[in-house]
Amino acid sequence: MATAPPASMALAASTASKRDTICIFGTGDFGRALAQKLIQSGYPVVFGSRSTKPSSLVPRGAEVLSHVEAAQKAAIIIVAVQRQHYSFLSSLAEALQGKVLVDVSNNLKIDQYPESNAQYLAQLLPDAKVVKAFNTVSAWALQSGTLDASRQVFVCGDDAEAKRMVMELVRALGLTPLDQGSLLAARQIENYPLQLFPMWRFPILLSLSLTIFFFLYCLALDVIYPYVYRKQDLSFLIAVSIPNKVCPVLALVLLGLVYLPGVLAAILQLWRGTKYRRFPGWLDRWMLCRKQLGLVALAFASVHVLYTLVIPIRSYIRWRTSSQIVSQALSNRTQPLDTTNAWLSDSYLALGILGFFFFVLLGITSLPSVSNSVNWREFRFVQSKLGYLALVLCTAHTLVYGGKWFLVPSSYKWCLPPIYMLSLVVPCAVLVLKFVLVFPCLDKPLTQIRQGWERNPQRPEPSHLIINKSAV
Amino acid sequence: MATAPPASMALAASTASKRDTICIFGTGDFGRALAQKLIQSGYPVVFGSRSTKPSSLVPRGAEVLSHVEAAQKAAIIIVAVQRQHYSFLSSLAEALQGKVLVDVSNNLKIDQYPESNAQYLAQLLPDAKVVKAFNTVSAWALQSGTLDASRQVFVCGDDAEAKRMVMELVRALGLTPLDQGSLLAARQIENYPLQLFPMWRFPILLSLSLTIFFFLYCLALDVIYPYVYRKQDLSFLIAVSIPNKVCPVLALVLLGLVYLPGVLAAILQLWRGTKYRRFPGWLDRWMLCRKQLGLVALAFASVHVLYTLVIPIRSYIRWRTSSQIVSQALSNRTQPLDTTNAWLSDSYLALGILGFFFFVLLGITSLPSVSNSVNWREFRFVQSKLGYLALVLCTAHTLVYGGKWFLVPSSYKWCLPPIYMLSLVVPCAVLVLKFVLVFPCLDKPLTQIRQGWERNPQRPEPSHLIINKSAV
Amino acid sequence: MATAPPASMALAASTASKRDTICIFGTGDFGRALAQKLIQSGYPVVFGSRSTKPSSLVPRGAEVLSHVEAAQKAAIIIVAVQRQHYSFLSSLAEALQGKVLVDVSNNLKIDQYPESNAQYLAQLLPDAKVVKAFNTVSAWALQSGTLDASRQVFVCGDDAEAKRMVMELVRALGLTPLDQGSLLAARQIENYPLQLFPMWRFPILLSLSLTIFFFLYCLALDVIYPYVYRKQDLSFLIAVSIPNKVCPVLALVLLGLVYLPGVLAAILQLWRGTKYRRFPGWLDRWMLCRKQLGLVALAFASVHVLYTLVIPIRSYIRWRTSSQIVSQALSNRTQPLDTTNAWLSDSYLALGILGFFFFVLLGITSLPSVSNSVNWREFRFVQSKLGYLALVLCTAHTLVYGGKWFLVPSSYKWCLPPIYMLSLVVPCAVLVLKFVLVFPCLDKPLTQIRQGWERNPQRPEPSHLIINKSAV
């Protein structure tokens, strides 16, 4: 009765009831933290060390042996040693033959050495199978269990089976392995933890320089101009009023810049009559940082909202309101309601609120966990349709805000237009171009081009093309 | 010294040091993008093509052969060809025998063909093992590496081993395979990328129709009524005032509708005396879209908050305030502070703020990455306890806002109640029913029913039931 | 032509074209829900039951057999039976020999039994391989497919191969297995679904008690003091004004408490001259709940923002404003603009807005999906640099808000300082200590210590240390 049928017998491998021993070279922070985590996950751990006398720092349950003895006990050896000490490993070449060596090291600078640490290790020990892994995980995160920062472990190596074994190990520790290909990728993997928001650099630099420009522009018109002509000290406007002019301008310009490359790409494709030629490098890079541009724009929009909502609390505004009312009362005037003004004021507020709402919706959808749970069509619907809706609403908000002041000469101090007029250039250009591209005479060929049609085809096998979701 | 012990020897399979060749049929966008990604991940790639002259578009490192030659080189063949060209594959039946064919195709419309593309392929080549995969991934996302939209790859197929091989391939590309069962699931998988928020359709349609109804209701009472009876033009209220009445009403009604089905389900279970009978279809569907209903309600609540906070900036409000003060000053009156009014005004604001705070907390918890990091008990605590707290606070906010106006006849223009009274019907009904259900005489049998107890048991084996976390 | 090359032949295992049968003991809620999910994923399912007459509740496609017959059909047996019924399983010991038994049970209380259910099962059946799994998944979530709460399935067991088989099964159902080590971990896994935010308990208790203290403090100074000395009834301040004093104070104090342990740890490390001695327990626990403390602080800050923004809408404020203006008008005074006041008011608003902005940024970065997509250096940059920026801005916001009132004796009612002065103690202490630690004479040795240097080294192998990203 106890004999299981043969099919399931094959599955229940009776031999491997224990996990395989893992060897760690080096009893430093990271080696010890990893050892502790491995022991928790049921792996026997043996340390390879120069001095084999047991240290109080080595986690309980781990054995400390000489390097050679430790290496013999395991198929996977984690080299938790600094690169400058790798040279001693060549003396162990015989013991390490055929073993899987896991390079976990990091550098202090990007591209510090001519070759990656893992490649250097592979050169030292050509008979071992070197796999790069674990370098993105910190000793502290392993020990405290608070893997707030990435659970992702990038893995690369030239030996597929060695890589598979290491990825299995990574998974057993509750981490997520990501196969990055051959050992050539080690360079990139070693640089990764040293990077500081590389995709954000351009959007942040751009917005910083625009901020400085627009800030100085406003300073000239709003503080220096009245000081020069009317000897008024309005320097306190620097704290709230001027930022509250710069922020919405930047939000609108950056939002326009998010959608401009898509329009330019469409024009380029129409011009070339094919989608099979690469875009120029600047356009490619621009398109890849659209998400970051959009989020920076959202940040400026959010700050603008807060700055706007505190207006009635500001001491200056309260003073202005009360002195207006007092002067009205003293002059015994009662103004009737100006319905046009009420309409304009309410409209631009409503447009701004709705624009901001859709903008925030876009921001939420770009959270990794949200964008992972929608399909491609839904993602494009939100990012394209709702994005253009937000752009239209925010542009209209600015236009209605400007209202009748566009034509009043006194708006143009020193012959310079007010800042909100400048902010309208990019979004209006985008909207006009997009509007033109929507016409069937342009939209139809564009759709065909994006489905693989070419005006001057030069490729051998157009019939086998698969229509896929086009980008942009 | 170099011989590893036998246990670890078994692990370090020395043969498979290289990845297996993958064959791709079709040199279209998707085929080429996939090839490039595969080559990056260390797979040799061979294209099967009608014309074998090397194309400049084929990624470097990929070989182009005839279909038969290419098929012989690999165990996995990715069919990146449009469905209408599948027929030519039957001529390759012999070469494809026993191979794993990966169908990556998509359609242009939901349920475009009587059977799914993958099933059609399986009918054409009964001796091949067809697996559906990769159709949710776009060529552009593969190429640019910006897999913002889903990393999930749905996989289905009738052959378990073939499916395992494809899932391994998916994982090697850094994507997440999700096993969807047999090839029958291909239909659903092919429809998936064409769906546009199916779970959101009902909540959005419902809220749209309610919005229109309440908007017209407000329009009649706030704009048409004063125009008819007092010839006042208050049309500018359409921009901010009326939306700011409609939004909170919808937020409250929809929040009530989130908790109503749970209460109805409890009553139904009490009535039936068992939890082992299915709920009616409408109740099931309603319960499944509660999250979406709640998020739409949160959107309306957020817009209401913004509309409310801009009130003091509105030109109309500033005019009204100043004319009131001016008339006070002119008539030489000074009003004393009405403490009751101050209490009422501050209370409804405080209740609204706290209700909105818990509402936002609910929204944050429903983000996929947050809800994934809490356990079931914590999730239910937030969604049920904090949810009811938000409902109670928001209902109280509306009740206190109404305040003494409930009993003043002049509130009822054209004998119609103000809109906020209408909004109280659903949430008050939910709260009353919930309050009744909390009484021990009803709560005790309900808890028993949810733990598996039945009033009229008809099932053979009640003793083996496992008490599990009940839903609702 | 049809013969595939040997390399790929090895891959395409032709035998295992069907999945292996899974046996489930117990036809309760969870057993049935799991069966349905398994059948959908292509597994044949057989129920082991006392009564073998087919029940209408058992999902279609599942067979119902006696326990012994069912057990023989499968290698994996899921024991969906309550712990108190486990004893009957010992009679099946022979049939279960060598089988993988999956314990899915949960308890009603934390640490309800001396040993975990899984360990109890393993004691009853020493010849079976017991694996704990699936206990965090609810029957309802399995059935409805709405796995909103965790997709994570904690797995533990003493037999590595059995565990591997169960993890494969978990993955096939679209869930994420997390290996937790040996069966000893079952106790923790069984307690997990019963936990209610254990990491949040301390931050929430702390903030609750501080809230009560500061609320009573404000009540005494703002409501009781004027009532006692001036017979004024200001009780309505309880609704908005006092909460709006307590919230910012708590936000600032808690934000200070987030950064205090890091500073204390640095001082301790400098004092000890090594990082290799454990911090005292209270400091360890404090450092582990910094994220939760910060998020609670953010919650208070957000409520403070809302309370502040509704100020101009409050009936009391509108009354105060209009009576001030009326009295101005009646006394025929017109106040000139006080530029200093305008500067102070605008500055503290601007500082508060920027501080809140960076605070929200910190909150967004602590969302699991966002923190998973940044590397360790980026995560530390945001949490440390931007965090201190937020702390500096919020402290400056409070200092400027206090402004000249620090030196005015009338601010000190009953000789007690206003509440915002109290709130400055912790953040100012943190900032002063941090400022001192930034000086090279302290920063240099601290950096060395964190890289592994020791003033009095006692460890055998310092040369092999790997420099890793230090925490704090």
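Before moving on, here are some points about what is shown:
The first chain written gets the first letter, and so on, giving A, B and C; residue counts start at 1 in each chain.
In this section, a contact is a pair of C-beta atoms (placed from the backbone, for glycine too) under 8 Å apart; a residue touches a chain by one contact, two chains touch by 3 or more.
Quantities reported herein were computed from a predicted structural model and do not represent experimental measurements.
In terms of which chains touch, the assembly is arranged so that all chains touch all other chains. Under half of the residue numbers found at the chain A and chain B interface occur in both copies, marking it as a different-residue contact.
One copy, chain B, sits rotated relative to the other, chain C; on C-alpha atoms the angle is 120 degrees to the nearest 5. Between the Cα centres of chain A and chain B there is a gap of 23 Å. Looking at chain C, one finds that residues 309, 312, 325-326, 329, 367-370, 372 touch two or more other chains. On the side of chain A, the complex with chain B involves touching residues 20-21, 68, 72-75, 94-95, 97-100, 129, 158-162, 165, 178-182, 276, 287-288, 291, 305, 308-309, 311-312, 321, 324-326, 328-329, 332-335, 337-339, 341-347, 349-350, 353-354, 356-357, 360-361, 366-381, 452, 459-461, 463-471.
On the side of chain A, the complex with chain C involves touching residues 1-2, 4-5, 7-9, 11-14, 16-19, 25-31, 40-42, 49-51, 53, 55, 57, 80-82, 85, 104-106, 108, 136-141, 144, 146, 148-152, 171-174, 192-197, 233, 235-237, 239-241, 243, 299, 302-303, 306-307, 309-310, 312-316, 318-320, 322-323, 325-327, 329-330, 367-370, 372.
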